[in-house]
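One structure follows; several queries about it will come next.
Note that the chains are named A, B, C and D in the order they appear, and that numbering of residues resets to 1 at the start of each chain.
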Amino acid sequence: MSHNTFGHLFRVTTWGESHGPALGAVVDGCPPRIAISEAEIQAWMDKRKPGTSRFTTQRREPDEVRILSGVLPQEDGTLLTTGTPIALEIQNVDQRSKDYGDIKDRYRPGHADFTYDLKYGIRDYRGGGRSSARETAARVAAGAIARKVVPGMSVRGALVQIGPHKIDRSRWNWNEVDQNPFFCPDAQTATVWEEYLDGIRKAGSSAGAVIEVIAEGVPAGLGAPVYAKLDQDIASLLMSINAVKGVEIGEGFDAAALTGEENADEMRMGNDGKPLFLSNHAGGILGGISTGQPIVARFAVKPTSSILTTRRSITAQGEEVDVMTKGRHDPCVGIRAVPIGEAMVACAIADHYLRHRGQNG
Amino acid sequence: MSHNTFGHLFRVTTWGESHGPALGAVVDGCPPRIAISEAEIQAWMDKRKPGTSRFTTQRREPDEVRILSGVLPQEDGTLLTTGTPIALEIQNVDQRSKDYGDIKDRYRPGHADFTYDLKYGIRDYRGGGRSSARETAARVAAGAIARKVVPGMSVRGALVQIGPHKIDRSRWNWNEVDQNPFFCPDAQTATVWEEYLDGIRKAGSSAGAVIEVIAEGVPAGLGAPVYAKLDQDIASLLMSINAVKGVEIGEGFDAAALTGEENADEMRMGNDGKPLFLSNHAGGILGGISTGQPIVARFAVKPTSSILTTRRSITAQGEEVDVMTKGRHDPCVGIRAVPIGEAMVACAIADHYLRHRGQNG
Amino acid sequence: MSHNTFGHLFRVTTWGESHGPALGAVVDGCPPRIAISEAEIQAWMDKRKPGTSRFTTQRREPDEVRILSGVLPQEDGTLLTTGTPIALEIQNVDQRSKDYGDIKDRYRPGHADFTYDLKYGIRDYRGGGRSSARETAARVAAGAIARKVVPGMSVRGALVQIGPHKIDRSRWNWNEVDQNPFFCPDAQTATVWEEYLDGIRKAGSSAGAVIEVIAEGVPAGLGAPVYAKLDQDIASLLMSINAVKGVEIGEGFDAAALTGEENADEMRMGNDGKPLFLSNHAGGILGGISTGQPIVARFAVKPTSSILTTRRSITAQGEEVDVMTKGRHDPCVGIRAVPIGEAMVACAIADHYLRHRGQNG
Amino acid sequence: MSHNTFGHLFRVTTWGESHGPALGAVVDGCPPRIAISEAEIQAWMDKRKPGTSRFTTQRREPDEVRILSGVLPQEDGTLLTTGTPIALEIQNVDQRSKDYGDIKDRYRPGHADFTYDLKYGIRDYRGGGRSSARETAARVAAGAIARKVVPGMSVRGALVQIGPHKIDRSRWNWNEVDQNPFFCPDAQTATVWEEYLDGIRKAGSSAGAVIEVIAEGVPAGLGAPVYAKLDQDIASLLMSINAVKGVEIGEGFDAAALTGEENADEMRMGNDGKPLFLSNHAGGILGGISTGQPIVARFAVKPTSSILTTRRSITAQGEEVDVMTKGRHDPCVGIRAVPIGEAMVACAIADHYLRHRGQNG
């Protein structure tokens, strides 16, 4: 929508860099009288927080979120939204700017350094500025509120691929997701990833990943047939996450190889007298509008660009140099992208929930 | 942005159904003093036009576009844009509503019939309403103008997969694209597709496809680091095309299987004294901002949902029925999606070209 | 919002110049299943139509509106909105371009000619381009639909001042409004205006006016406390009408001279057990949000700039010239602004009605 | 645009209530490499700050603004904007919630209490929530940045009427504006106001006011002919200020009483070879587009609704009560509206400056 805002009725504006005093989000358009708490938001923040295993950056950020506006404390201590903008703020604590000194003028391959300089002619080289993954903390905080907007909605995600290793979907078990450092729903594959990533990490290399997000309890009828398709807005927000290079809904790219008979979801009436889809190739969205089935979205995250291997690059002054990124980084940024992807899907659905209610009453 | 509008400075609003008198687009924000002509727009329209081979619907629509506003005829007959909204209109000519009578209350599997009824409680069953692929004629017309906004930009697309058959990229030849009915850049694969689709067509079945769009001559610096990433807006618009289920930039989902060393594009200074990327895994976009390299986007189109095979479904009244879609349809809607994808990419880039000029002068 | 669009959920995009083949509006976001008809829209169009008395331009435009999309004809012939964009089109019929030849390069004082050239470097001198009052036909058509969006709402306007002559509010009678060519609610003042304007017209001069629009039946709670105040959006849309130089809500500028005791509207409980305001200085809006009382807005229209008196000006080439505007023009454009103002107020309220329903359920 | 955001390319989102921990603004779209400083912003904040004379509220708020993002400190200590969102934050210090306890359920006449409850069903009665004039601190901070966006632009305001007393324009002297507590450009009238307001204050009453804002150095060509008129957006933002009931551009409502000859500004070529307007009835805007002359806007502020006189009202429970607003309030909120109006005008122009550059290069 604008440079740093998304959403139409449920609107989120984020601000802040990795090396300023703080970062945050302003959530505008949240309906009034919804109970929220900082603790509840914090739980989602902690899921994204760095430094929780050897597979994520060792940067230590408590990522404590404060609500600065838009809520009214009730006598029992709960907070109710008031319908006014909710400002969420997270202090930056662990800033080690010195780590970045030697890359001040050097364009790190795969990073936005080069494009930033071209665009703005000025760049906060201390950690990537707005391109830093720290910005995503604000998304997760906003997503925590979005989750409350649609009654009965549940949004959860899992990692389904790291490097060349995909999970075995027949072993999918949501209970496993919190039992390993990868949000992996398949315990056996988690072991494979552990070994694989240890090798990647020791080699100073990095790996890509694919995340799947599933939203259940989404009412049918959300979205619009043309330029406000629900899947379009989900795709837009997932693609807005750092390092994402691809987005799929339902069968995604695999749909290209199917025939019409294989791909279209047949319908029958369920025992409860309600329409029943016999499959969900569509990923819960037909013609841009939710069907009432679970919404299924996937996105691909490229391997972390900060690696300990020397790569050829240039400086801002046009010199050819070799660059090696020191500092603390995730060997696989895809891991921490799981709660971020969930937040984005939740925000897109919350927005369309309000929009649908607006147009259709 | 809104239900039927996209873009921020270069804004396109489309309207019209397949069975009303006409459809069209209003292009707002086009810079003044750009020379355009109806013939030029028509050339792109003709590329999308149905009925040009046995592999596209036999519906006969001349798809003649008229410019109703926003231009000033010069003495030599050329039209110059005036900076005011350009209204483009296309008459609907070949409407056979009778073809649709028997599906009035039957939800065609894979179609938006069911979700439409849930959303609006009313539905123009004569051809899908706004979900009809005819809406894309308006996109192509708008895209023809977008192409003129960015000086030196060229946007072209090709089909790279039909059903399970992918092209051999080593045989990619842009000159082949106009030599076969599939926009296929690989003559050999075109032959495979011809045989494959003849089988599909005769079986009353349908096939999916993958389209690749490449934009060259795009200035570096377009986009924004967070919620107005150039790739995000391209993804959003490609996902807004009917039947699209996946979008990729550069390596896309394949990036997940690469290591950081393999994926990041190294740089050197070119012989012309300008920065040179040694590869383009990024697809021309880093951190949401164009690098100056070709922008590479791909999207997957599901197989046409209208097939001649009987499928299980329900009616609006909750009866279980078997549905077979008669009428004239494309066995592979992906084919005609090529010029549409080009138009969407052109519009996204044009918008960011103006936005960048606005913020950065 | 954008250059040629307004509204957030009820969005209107207009296009077209006075001298192209047609002009129109696209109304996006209208709720589905609302009954409308071309005849109904036409009734409002006719109210704005030129040439109905000697006090409006003698240009003869039937201003017939056609609905091109967004409706579904029912068996009884009525049209129901489908929730998709409603395209409204009006042909331009009576174009006399020759009238404008001699002002091609001459900037008419008070007109947008000079600023247009500065802005765009190109100008459709045949009638003012987008600055032509003909664009307002599209507004009236869109307003006709807006009126149907809010159940029970009635929006009507009247002229309350022409030149120095104000109406006597104690004689306000809505039934008079259609009995004179001025939409004047005070029969006696209408006679004064008639004489005054005859003098103005014969002198080749022109007069300004003030219009008052009153919306009744507007639910309480519409608007927002900060940047989406209902009065703000009404002011914005009234100010967007050609030649408008001032906007007021309720007491307007007169409020500056009142004390707090005089201005604030006291409340009591009504006999119907509902809150009752004892006065309406606020004009139906407090803190940007509707109170349920009638919404009262006024706007001032400057005297028509096209006059038969010679005025000093310059040409596009920088020559000093004397300019006299021939052609057919309204001696008091304020008269025809009544239905336009009504349309703008209706659109603003309809938009906030949907927005409120979206955020607040 | 949205509930708490305004602007299209230069976008401002504000958040915060008078009784939360802080309030602030996020300024998005500011061009990069503009030098700003907290001190500079603070200077404008201090102009709006309460408690500087006996004619403004005795609430003591230091209103210290902090920049939390979007700038890069240079070696010499100056801050340069980076093109990313600028977060501005102001702590709330002097909160006396107890003052508000007895109006928890009582609707203060003239306040938004009643409409808030109707809209949201929940209300932060401690100081008006988002309707509090404290929100305007965030506007002034954002306006300080807007002032830097347009090179050479100067925006300044003055009070021209308090209660029934207007200034004598022949005595207008900008140097006087800082010499009295009223931003009055006419020393003699300032004395009248002082006496008048002392009476008002002692009587526990309040007075309305009219403010005039003049922007000089605004390039010609900013704005758009229809729904993005520069005057429209100025009107919209001025009307969004608390308690504003009317807005005028140039002659404003007085234009209604003029003839076309009197009102239209004639042109000649200046001695510098540039077009010269011989008057500025238009207030610097023709057809919605800036002429290059000073932009002149006025707005009317109603008398403060919080008065010490008992007024009739009702409670949230429907009881009839008498209400007297204790607490600390401005006898004439119009005084402090001067810097707020300046900020709004600066923001509107900055936005159109960037938009024009975007569309027109």
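The rule is short, and it goes like this: a residue touches a chain if its C-beta (ideal position, glycine included) is under 8 Å from a C-beta of that chain, and two chains touch if they have at least 3 such contacts.
Because the structure is a prediction, the values reported are computed rather than measured.
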Relative to subunit A, chain with the most remote C-alpha centre: C
Pair with more cross-chain C-beta pairs in contact, given A-C and A-D: A-D
Chain centre separation in whole Å, for subunit D relative to subunit A (CA means): 38
Centroid spacing, where centroids are CA-atom means, of subunit C and subunit D in whole angstrom: 26
Cα-centroid distance, subunit A relative to subunit C, in whole angstrom: 45
Junction residues of subunit A - those touching two or more other chains: 2-5, 8-9, 14, 29, 32, 83-84, 119-121, 129-130, 225, 359-360
Interface residues, subunit A side, partner subunit D - complex: 2-5, 8-9, 11, 13-17, 20-24, 26, 28-29, 32-33, 66, 68-70, 72, 80-87, 119-124, 129-130
Touching residues (chain side subunit B, partner subunit D) in the complex: 8-9, 29, 31-32, 83-84, 225, 354-355, 357-361
Subunit B residues within the subunit A interface of the complex: 1-6, 8, 14, 107, 109-112, 114-116, 118-121, 128-131, 135, 161-164, 200, 205-210, 220-229, 231-233, 235-237, 239-240, 242, 245-253, 255-269, 273, 275, 278, 281-283, 285-292, 300-307, 309, 311-314, 318-320, 334, 356, 359-360
